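These notes are about the structure you will find just below.
When the chains are written out, they are named A, B and C in that same order, and each has its own residue count from 1.
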Amino acid sequence: MMNPDDILNVTELNVAYGESEVLFDVSVKVRRNQVVACVGRNGAGKSTLLKSIAGFLKPTSGTIVSNGESLVGRPAFAIAGMGIKYIPQDKKVFSDLTVRENLELGSYASQDYDWVPVFDYFPKLKILIDRKAGYLSGGERQMLMIGRAILGRPKLLLVDEPTEGLAPSIVMNLRDVFKELAKQAALVIVEQNLPLVCAIADKVYAIKEGHIMAEFTERASIKPEMCEQYL
Amino acid sequence: MNILRWWWGLLLAFALMAVGRVFVPLPFANEVLIFSIYTMGCNYLLGRVGFISFGQPAYLAVGAYAAAFYLFYFGNNPYVGLLFGTVAGIVFSLIIGPLFVRLRGDYFALVNLALAVIIFYLMQKVLADVTHGDNGLWFLTSLTSTPILDLTRPDQFFIFAFLVAFALWAFYKYLDDSIFGALCLATKINEDKVKFLGYSSFSIRLFAFVIANTTTALAGAMYAVYLGFVSPAITGPERAADPVVVTILGGVGTLYGPLVGSIVYTGMKDVFSKIIGNWELVIGFLLVFIMLAGEKGIWGSLAPLLEKLFTRGGKAADRGSRQ
Amino acid sequence: MNMQLLISGIIFGLSLGGIFFLMSIGLSLCFGLMRIISLDQLLYYSLGAYLTYTVGLLIGDVWLGVIGGVVVAAIVSLLVERVVFRRIYERDLPFTMITSFGVLIGGVGAIKYFWGLIPRPVPVPIAAQVDIIGTDIPVYRLVIIGVAVLVYLGIWLFLNRTIIGKAIRAGTEDCEHVEGLGINVYRLFTITFIIAGGLSGLAGGLYAPLIMVDPQMGLEVLAFIFMVVIIGGLGSIKGTLISSLLVGQVVSLGSLIYAPLAQMAPFAVMLLILLVKPTGLFGSALQKR
């Protein structure tokens, strides 16, 4: 039941690394301005899912469709060009370049040179603008990664474990940022931080060993204990 | 482990070669044998350790010149010459190894090639007083006949080379099947895990390095004894491609790849260089073609097919072949 | 050693270093961004020299020959990138190295086919000499040094002041992240490859008047280029510059002291440096992208 308005429609996706299968018949649906969370233990296949959507991995079978267009087989930069941006989990920015230059690359890629929204979300970036990105702290890097990605007004953000290793105050900051972002773009967030997820998600998928174990669509039913069960 | 099972592949391969000897000219057969021993070192380094070495001519030269020095300056016994060459190979690898083996794969490749060029230069210019530079060292006529197998006679040399090759192949097969073989492969795939298991990846690599390059040095010594002379030409940069090409042609990391590759390569060279003067053009495009087509090489592609045939649809009972 | 010898030795070494630098940037850049060892750069070097010879012969102007060399080298490298490398970027290092070696060998064969085996001389475009502190220095050598300096500045400006250059620098750190932003990294690869090929062609064209142009010239200079790249550290432009200068001086001044060893001295230097820093002076422990 595919609606062309669906920002993302993943159907029966199977992904393998070489000989070992990692994802089995995974199906995910994301609507406009929805915040969808994928939770699961390490190695469950959450990152693999995001990477496959973003075009960094080729699925062995299944479909990935966004607004009626198929994503499978397209190079990753083309998918990013369609407004689907992937923010990896490794908290890596281009260390030798300054914050400004990092943002410049994002602008060049998306042809969006309006940095006002970026500084609205992350005023700290304005202060750090001329610092070499290698000297940023983990939280600041995460901010830069997100700030870079929202250039070009993406319709979908794929965020991989954004709060991992970050201080609680920054986590709260990010929580508010995601809430705001959701007004303009759909989000798929992979997280192990269940309280955060439950605070902002409209829908939660619980993934275990490459399978979707459960899907929670009622905001009321999204509670950490419920998710725990399926992991 | 069934003894016959383990040996049958080797016996078959070498029986085929013995039969083949009837159909091919003696020089060709000898050339193929020595060349495949030469290639075996490169094959092992690339296939089992993961090191690409464009510098095998260096170790070939070490073995060849060591044998040559002995046979030119000191004695006439070919066997002793061979011994000298082999020992020189061991010593040289042990000295060079600890430094080279620590390097990353790409640096290793570059450094090895630089080594080959340096050795070439050494033999050609710097040590010209003792090596006679481009003129080379000639000792064919001074070689004495040896008991049992007279190495000065090509047909008996062939028998000797055949036996040496057989022994070597048995040795490498044994190595492959042993713990060491598994460790080598494991180190190539994931060095950290091997370290976590408590093994020293450095020692593993060093040991493999010494074995492979001593094999190469042995081939060099065999060349020296067979040809009766040695010149810098065997270690020239143009020759650096030969072992690599043959390794790829035959199939990297396979046991019989060097044999198959040698036969095909030497054969092609004989045929083609009469037709097309420009051998490099052919090798170059051949190499690129093989790599783009899947890099498995001749034996590398044949072996799985043969395995399916002989083990009746894939009963994986035969540990013997590594693909 | 008298002053004149020393000065001409230094200048000689600088010009040699300049040629090494032009050749090594290509290797370094290609490695930094694409994680391949582009041995075929030596082919573009030879092509640059041969085109300089041919065009110079036909038109009578060696400088036009050099330009022709650069253009042809760049075109051929583009073709090779499109036909060969584009298909194999994800493969591991030995694989790409062997393939590039195949291209090099095949290319040398093609050169032999078109131009034959006989070494070709190329006239020096500027025969004049200039007096520096009492020593006669060929102006041409100074020109080479000048070109190398200009190229270094050009590359520096490109990498630090243009957006494509910054994208390339970012790519040497993490190609996936660059692609994730929406930048077509494959186009970056092509651009880098063309620059590398052109610079190698320039090195060959500039060096041609000083040596005999023969099919093996790429293979002869190969060891030195490797040593430069290893000492400097793969992927570092600054490192390449420093090590080219170093190796140039070692070869040049070394040959004044004891000729045969001069060729081997860089090798010894390289081994020493590798003992202390297995990734070269400025090389980092880069992982495959």
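Definition applied: a contact is a pair of C-beta atoms (placed from the backbone, for glycine too) under 8 Å apart; a residue touches a chain by one contact, two chains touch by 3 or more.
Everything numeric in this text was worked out from a predicted model, so none of it was measured.
Colleague: Write down the pair of chains with the top C-beta contact pair count.
Modeller: After counting contacts between each pair of chains, the winner is B-C.
Colleague: Looking at CA centres, what chain is most distant from chain A?
Modeller: The most remote chain is B.
Colleague: Of all the chains shown, whose C-alpha centre falls nearest the centre of every protein C-alpha atom combined?
Modeller: C
Colleague: Using mean CA coordinates as chain centres, what's the chain B-chain C distance in Å?
Modeller: Spacing between the chain centres: roughly 32 Å.
Colleague: Between chain A and chain B, what is the gap in Å from one C-alpha centre to the other?
Modeller: Whole-Å distance between the two chain centres: 52.
Colleague: Distance from the CA centroid of chain A to that of chain C, rounded to the nearest Å?
Modeller: That gives a centre separation of 42 Å.
Colleague: Given the complex with chain C, which residues does chain A contribute to the contact?
Modeller: Contact set of chain A toward chain C: 54, 56, 75-77, 80-81, 85-88, 92-97, 101-102, 104-106, 108-110, 148-149, 152.
Colleague: Enumerate the contact residues on chain B facing chain C in the complex.
Modeller: 46, 50-52, 54, 99, 102-107, 109-111, 113-115, 117-118, 121-122, 125-126, 237-238, 241, 244, 248, 278-288, 291-292, 295
Colleague: Tell me, which parts of chain C touch chain A in their complex?
Modeller: 163, 166-167, 169-170, 173-174, 176-186
Colleague: Quick check: in the complex, which residue numbers of chain C touch chain B?
Modeller: 31, 37, 84, 87-88, 93-95, 97-99, 101-110, 112-113, 216, 219-220, 222-223, 226-227, 229-230, 234, 260-261, 263-264, 267, 270-271, 274-275, 278-280
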